[in-house]
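Each of the two complexes below includes subunit A, the first together with subunit B, the second together with subunit C.
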Partner chain A sequence: MSPALRIGLPLGALVVILIAWETAVRATGTAGLVPSPVNVARAGVALIADGTATRALAGSLQRVLIGFCVAAVIGVPIGLAIGTAPTLDRIFRPVLDAMRSVAPIAWIPMAILWLGVRGDAALFVVAYAAVFPFILNASDAARRVDGSLLAAARSLGAGRALTFGAVITPSALPFLFTGARIAMGFAWGSIIAAELAIGIKVTGQSRAVAGLGQLMVETLYVRRDVDALVFYMLMIGAVSFLIDFGMRRAQIRLMPWTLR
Partner chain B sequence: MTVAVLRLAGVTKTFRAPRGGGDVVALSGVDLDVREGEFLTVVGPSGCGKSTMLSLVAGFAQPTAGEVLFQGQPVLEPGPERGVMFQDYALFPWRTVMGNIEFGPYALGVGKAERRGRARELIQLVGLEGFEDRYPHELSGGMRQRCALARMLANNPTMWLMDEPLAAVDLQTRIILQDELLRLWGDGGSAKRSTVLFVTHGIDEAVLLADRVVVMARRPGRIKAIVDVNLPRPRAAQRSSPALAELVGRVWDLIRDEAVRAIAEETN
Partner chain C sequence: MSSALRRVATAAQPMIGIAALIAAWQAASVIAANPTLAPPLGAIARQIAAMASTDLLNDVVASLVHLLLGYGCGAILGLVLALLAARSEWFAAILDPYVEFLRPISAIAWIPIAILLFGVGRGVPVFLIFYASLFPILVSTLDGVRSVDRGLINAGRALGASRRLVVTNIILPAALPSILSGARLSLGVAWVAMVAGELVGADAGLGWRIMWYQEFFSMDGVMATIVVIGAVGWLLDALLRALQRRLLAWSPTTGARG
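Let's turn to the complex of A and B:
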C-alpha cells in the first residue's frame, strides 16, 4: 500500500463516519441530548476562546507534573535500592505488592479525609499512582546491568566513578524512561478520575484550582452540555497521546541505542 | 627458552552450586606456562572451564587454590595490560564505534586528541572506516567483532585474552577475521608480538592460529594435553597444508570421546 493510501484510507473512513453521525443527529433532531461532530467542534472553539478549557487543562497538568515529580523522587531511589540489595527486596517487595494492588482511586476518600476537598487530594492520588512504575522499573534497571559490560569496563581500566557514570547509568536509563512513561500514563489517568470524584464541591469555591475532571462534573450537573463533555474527553485523549509521543521522541533523541 | 609471561600454578576453581548440591569444580590443578609473544589456543568440550581460566587470567575472579602470575605478580584484579575480547562482544550499546574504541584510553586518562588519533588508526586497521558514528546495533556481526577487537587493542595490551571471539559469525567472515587477527598480531614478521590466549570451539581454527594448542578435559576441568604446532608463519598460506590437517586430526582424537560424552550428558 502506498503511503498516500495508508494515511488517506483511514482518514477517509473517519470523515465518512463523522458525516454519517452528524446526519443521524440532525435527522432525529436529538442535538443537545446526543453530541454531534459540528456541535462538539463549536463547543470546543468557544471553550478554548474564553479560556475555560485551557485553564482547567493547565490546572490538571500542573498537578500531574507535581505528582509525577514527587513520585520520581520517591520511587527511583527506592527502586534502585531494592534492585541492588536482594535483602531489601525480600523485605519490602510484599509490602509494595500489597500497596500496589490497592487501586489509586480507592484512596480518594482517605485523601479527601486527610487533605480536604482541594487539589492536594488529587495530587496525592496522582503521586500514589505514579510511584509504582518508578519503583518497579528502577529496581529492574538496577538488576539488569549486564555483567559482561561491567567486566569490559573494568578490564579497560575504568574505576568505580567511571563505571557508574559510563556503564550503570546509561544501562539503567532506558528502563527508568519506560517507567517514567508508564508513570505519566497512570498519573494522567488518575488525575481525571480523582478530579471527577472530588469535583462537584470545588467548583463552587475556587475555580482557580479546578482541573479538567472538575470542569466535567460541573458541565454534567450544572450546564448539562453533552457537546462540551465530549470535547473534554477528546482533549484528555489528545493530551495523553501528546505526552507519550513527546516522551517517546525524547527517548529516541536521548538514547538512540534503545531503538531496535 | 624465554621466561613465562603468564604462569598458572596448581590453579583450582570451584563454584558453589546454586540451591544446594555439591560444588562444581570448574578447574582442577591447572599448570601452564605461557611464553612472551606466544599464540596459545584453548580447546575442549563445553563446560571444561575455558572461560573460567580466561576470567582468572583477566582478574575477574580469583582461584580457589593455586596461583595466577602475570609477569611474576599475582593477578588480583583486571588491568589494561590484559585486554579482553568477550564472546558476546560486550560493546557499550550507548557508545558509537568511535566511543567504544576510545573508552579504554579515556579511562586511562589519555587526552582527547591523542585517543582520537589512536582510535582512528585502529578503525582503519580493522577496516571500519566510515562506521565511526554507528552504534553497535547498527553493525553486522563481523563489524561488531572488529569493533570489539579494536577496543581491546586501544590500550596496547601486552596480553590478549579472547573468549571464542569468532564463534558468532558466518564461515567466510570467520576466515577473513582469522587472517586479519593474525596480521594484527604480527604473523608476517618481526614486530614485537603480544601474548595471546585464545579460546575456541573450532579445532581447525585452534591449530591454524596457534603456536601451541591446549586441549582440556572436563569433570573436573583440567589440561589433557598440549599440542605443539610447528608450522611456518604466516599461517594464512598454510590453510590447506597436509601437516595442518594432520594436526587437526590429532587434536580431534584427543577431545572426541570427551565431546561425545558432554553431548550425551547435555541431552539427558
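Let's turn to the complex of A and C:
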C-alpha cells in the first residue's frame, strides 16, 4: 500500500464522517442539543480566544506534573528496593497488588477529607494512580540488569560508583522511562476523573479550583453547552496523544540504545 | 475490637506485608484519634459485616453486571476489529490512526459526554468500561496475530488446511498469549473505569455506594467499600491469571505489567 493511500484513506474516512454528521445535525435541526463539527470548532475558537480553556488546561497540567513528580519520588526507590531484594518483593507484592486493585478515584471522598477540595485531593488521586507504574517498572529495571555485565565490570576493576553509572543506570533507564510514560498517561487520565468527581461535589461553592474537569462539570450542568463539551474532550484527547507521542520521541532521542 | 483485629490478622497470616499495611492503618487511626479522618479497623470491619447482611451483594452484582456488559462488548469488538485488521490491509490502514488517537484518551474523559448521552444510570459505567477495555485487547490481539510464524501458516496451507482451519487451529492458538495478556490489561483498566463511572454517573454499584456513604458522611462506609472494591478487583485479576496459567501451560508467558 502506498504512503499516500495510507494517509489518504483514514483522512477520507474522517471527512466523510464529519460531513455526514454535520448534514445529519442540520437536517434534523438539533444544533445546540447535539454537537456538530462546525459548532464544536466555533466553540473551540471562542474558548481559546478568551482564555477559559487554556487557563483550565494549565491548572490541570500543573497538578498532573506535581502528582507525577511525587509518584516518581515515592515509586522509584520502592521499586528499586523491591527489585533488588527478593524478600522485600515477597513481603510487599501482595500489598501493592491489593492497593493497585483499588481504583484511584475511589479514594476521592477520603482524599477530600484529608486534603481539602482545593486541588490537593485531585493531587492525591493523581499520585496514587501514577505511583504503581513507577514501582512495577523500577522493580523490573533492577531485576533485569544483566548479571554477567556486572561481573565483567567488577572484574575489570570498576568501583561501585562506576558500575552504577556505566552499567546499572543505562540498563535500568529504559524501564524507568517506560514506567514514566505509563505513569504520565495514568496521571492525566485520573486528574480529569478526580476533577470531575470533585467538581460535581462542589459546584457553585468554590470557583477557585479550576481545572479542565471542573470546567467540564460546569459546562455540563450549568451552561449545558454540548459543543464546548466535545471541544474539551478533543482537547483532552490531543493532550493525551501529545504526552504519549512526546515521551516516546524523548525516549528514542535520549536513549537511542533502547531502540526496539 | 481486638477480636476483629485478631481475625483480620489470622486471615492475613501468610502475608506479612498486608499485616503491616493493616497495622499501619490502625496506628494512623489511633494517632489521628478521629474516626472520620481515619476510621479504625474495628469500625471498618463492623461496617463490612453490616453491609454483607444488607446491600453488599446487590452492589457487587450491580457492578459485575456493568462490568460484564461493558467488558464483554469491548473485548468482543476489540477481538473482531483486530482479526479484521489482520486480514485486510485496507481496513487496517483506516483503523490504525483512529486507534492511535483514541487509545491514549482515558475512558474517564468521556464521563461528561456519557452522562449527556445516556443520563445517570447504567449507560455511563457500561460505556466507560466498554471504551476502556476495547483498546488493550485490540492492540495486543493485533500484535499477537501479526507475529504468528508465517512458516506455520504456510505449512498449514500446504497441507491443505482451509482458511477457517488455519484461523482456528494455527492463528488463534499462536496469538492466545497476547490475547489473554490483553484481556488482563483490559480488565484492569475496565475495573477502574467502572468505579469512576459509577461514582459520578450511575445509580447502583460499588462506586455509587462510595458516594452514597459520603452523602451520609459515613467514612466507615466509604473505607469498607474501598476495601471491597480492592478485594473484588484483586479476585477478578487472580481469576484471569489462573486462566492464563491454565490455557497457556504450554507456552513460556511473559506477564504484562502496568
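We take it that the second predicted complex is superposed on the first by the 249 of 260 C-alpha atoms of A that agree within 3 Å, B and C clash if a C-alpha of one lies under 4 Å from a C-alpha of the other, contacts with A are read in each partner's own complex, and residues count from 1 in each chain.
What we mean here is this: a residue touches a chain if its C-beta (ideal position, glycine included) is under 8 Å from a C-beta of that chain, and two chains touch if they have at least 3 such contacts.
Note that the structure is a prediction, hence the values are computed from the model and not measured.
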Fit or clash - subunit C, subunit B, common subunit A: fit
Contacts of A:Ser148 with subunit B and subunit C, given as first, second, both or neither: first
Residues of subunit A touched, compared between subunit B and subunit C (which is higher): C
Partner chain in contact with A:Ala58 - subunit B first, subunit C second, else both or neither: neither
First (subunit B), second (subunit C), both or neither touched by A:Met216: second
Touched partner set for A:Val167, first subunit B, second subunit C, both or neither: first
Touched partner set for A:Met99, first subunit B, second subunit C, both or neither: second
Minimum Cα separation, subunit C to subunit B, after superposition on A (Å): 17
Shared subunit A contacts, counted only where both subunit B and subunit C touch the same residue: none
Contacting residues of subunit C [partner subunit A, same complex]: 15-18, 20-21, 36-37, 89-90, 93-94, 96-98, 100-102, 104-113, 115-116, 191-192, 194-196, 199-200, 207, 210-211, 213-214, 219, 222-223, 225-226, 229-234, 237, 257-258
Complex interface listing, subunit B residues touching subunit A: 55, 58-60, 77-80, 82-84, 86, 88, 90, 92-94, 103-104, 107-108, 135-137, 151, 154-155
Residue ranges of subunit A touching subunit B (in the complex, touch as defined): 146, 148-149, 151-159, 162, 166-167, 170-171, 255-257, 259-260
Touch list for subunit A against partner subunit C, complex: 1, 5-6, 9-10, 13, 91-95, 97-99, 101-110, 113-114, 133, 136-137, 140, 182, 185, 188-190, 192-193, 196-197, 200, 216-217, 219-220, 226, 229-230, 232-233, 236-237, 240-241, 243-244
